[in-house]
């Protein structure tokens, strides 16, 4: 963790007692998905590019590798690492489920929840947000439209990221194609919840898209393919980070 | 990998070209589930106990930690490591899914599939078995009764493990409570498939249960709580391993 | 439909143009679940008991039979019939899914959504509530705690029914065991949504439970086993209806 | 039921004691899906066309309407009616699930299981096939490739229908595009199971496709859009039926 971040004191005997990381805004979250360009050793390389941009620009960047890559990535970089999902389970007899304690011990400080590619029952979102709160993990719930964003705001996650599913992976930025969705999301969410960080995602491809997102009063973006599949991820991400300062 | 195992040593530049591990029988697979006794550092400690027993007894033991623990465990021990599940996805735009390539790069050489606590659609089992085959990963499909075992045998997994769900976690061993299910499973499976390793699981708690399982012509056991939650996992697992020699 | 109900009588050529039924409160909804006591001919008999109580007491009662029983029940009684669930699909190539148009043509005027025994993704709840609105069907979304109730209120269903899952089928009434959950639900929901009818359910077993529910300012109850599995469903339901007048 | 069919003697006091319908081959099953052309009143009309073709040609035709349309359809025609799916539940506290008893009382004599648009866990397929057997309902399990067909054959359904999902709804007939899949299915299935009726589906659009399917030794077809969405369903279905006699 850079010293820009109020880092969790690593208390190994009592994982749960560590403080929750405090993220600065504007915030750029990079979802590695299951892209081969961001799996295994390449996940570590990509995270290092992100760390470099974060260090150079002092912009807060979070990386979100696959579960099995959390430990190698968190061991290699000093920026926050999130999991892509956790399950609504407590330690015990579950097989193949993702336990909050497990991704935390591997070095994650938060998790995505309800991504459009991993949608959840509302009762499970509620349970998972509570679990992250108990474990001092940061919760970032993804939503698909303004009214669902407002609904989720009642469950008190740390971050809400609106991502219209029809724009994901298209290169058509939500901030340009659906600015009214972002504006409405902020309006509805802020009635309920003044603390949650609000991001937008889907199609965010270049610095300009980030700048527009911030002008619409979001506090950052959730991006994936534009960075992960770029020939030169460092340059694209640097462009994103620089755009937050416009 | 110990030299008891025909290890994938001819690592070409492409991960996928590595040979598939060949497991010896009798075989003991230890599923760590999401037990807190087998999460994070404790997963590594437990795997080391398993490695010690395997080295001392020359009995093949496989450990199955959570996804985020695969890399630390595989880096710490020289016995085969499996994932608890993989998803039927190829590299690409999936979030929160478990990619074959990812668990393989982290050090796993195989995976459980369709565990009673992570049941799958039949088309997905078929897809996942094919994926493991392409990636030279060992596939271990869990089944709940003899006819499902026979059905699964047609999909050509490397290992079939019959586990009557009502006995899982009970301490009442399948090999003692339902010997006829094991006998019938072997009878049906062998008509279709002579190569698959056949294991049994559910309630396997002590060496005696293992010995009975082998007498019934299985080639080993899939165990979990009896080992993971034991005060002294080494002793219990050593008892299991010694029993394979009776 | 009795003339107590503002029935959809202006049936134009298009089914969708029919007006939405307006339900009076207090309201008693009887979920038939898949109980054998409420399947097939017995569903029709039970619905007739409900109709009789409704006629005698002028209390609004809704019956919720299984899909295949909607047409026989709606053909036999003159009280509103709901489906137990609909799927978030439009007419087209889905197999085994429950189409809004289908249950409507069979005679249902509304549907339960997200019952604890049929929990849904939040995006699907949002889609289904929209579908019911388009089709002039009444939407009744079930929720498990106050904050989820408030979240759901943002999606604008016609009815919200809070049902703590741990009390379902126990005979321990939510109105007596968790009055604070009901009070908090109403407090949170009313900040967001002044129109939705708020019910409570789980363990509602006798008139007294209904009376307490109404004193807590709910507008009725969602009940199941206490009525469906009663030796004399008429008497139990009559007791419920009479209790709404205390 | 026509007298070509060994109809279930309707024993109202003991539904389960009725005999299972015996279907003749060649067999044409028409899946109504959730097409608006086959919902509500239109489901009844379409079923009447099917009945007419069946009566005129003496070819066995089964119709598969939505759940809520089973009672109206079964009340209107004298050919066998199937459900599109049932759930692996017994009578009791399930909401929104499809009970075998319910569709049977409504007049269905069988059910599709594991259609490509409603895929199931293997353990659930096994449970549902057992349930249909207990209730004297005909089970028709859909499969996506030859090895899954063989796997399913071990579970002893009455009918297995192979439907490569990539051809569903395309108008490109499986019998022409993938004859080798059909041949291999029959080869594998017949090793395990000599009794099951084997059908093929996906893209079956005209009599010629049916004739080819039968030449490949299937005992009929499972069709949907080509009939349901036809301007003149009677003529298309008559063409199908006539082709079975070539």
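Chains here go by letter, A, B, C and D, matching the order in which they are written, and residues are numbered from 1 within each.
Simple rule for what comes next: a contact is a pair of C-beta atoms (placed from the backbone, for glycine too) under 8 Å apart; a residue touches a chain by one contact, two chains touch by 3 or more.
Owing to the predicted nature of the structure, the values given are computational and were not obtained by experimental measurement.
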Going by the touch criterion stated earlier, list every chain that contacts chain B and also contacts chain C. A, D
Which rotation angle, from 0 to 180°, best lines up the CA atoms of chain C with chain D, given as a multiple of 5? 180
With chain centres defined as mean CA positions, report which chain is farthest from chain A. D
With chain centres defined as C-alpha means, what is the inter-centre distance between chain A and chain B in Å? 33
Distance between chain A and chain D based on Cα centroids, please, to the nearest Å. 46
Whole-Å gap between the CA centroids of chain B and chain D: 38
Two-or-more-chain contact residues of chain D, please, as numbers and ranges. none
Which pairs of chains touch each other? A-B, A-C, B-D, C-D
Residues of chain A touching chain C in the complex: 114, 119-126, 143-145, 147-148, 150-156, 188, 192
In the complex, chain B residues that touch chain A: 15, 31, 33-36, 39-41, 66-72, 83-85, 89, 91-99, 101-103, 105-106, 108, 112, 115-118, 168-169, 224-225
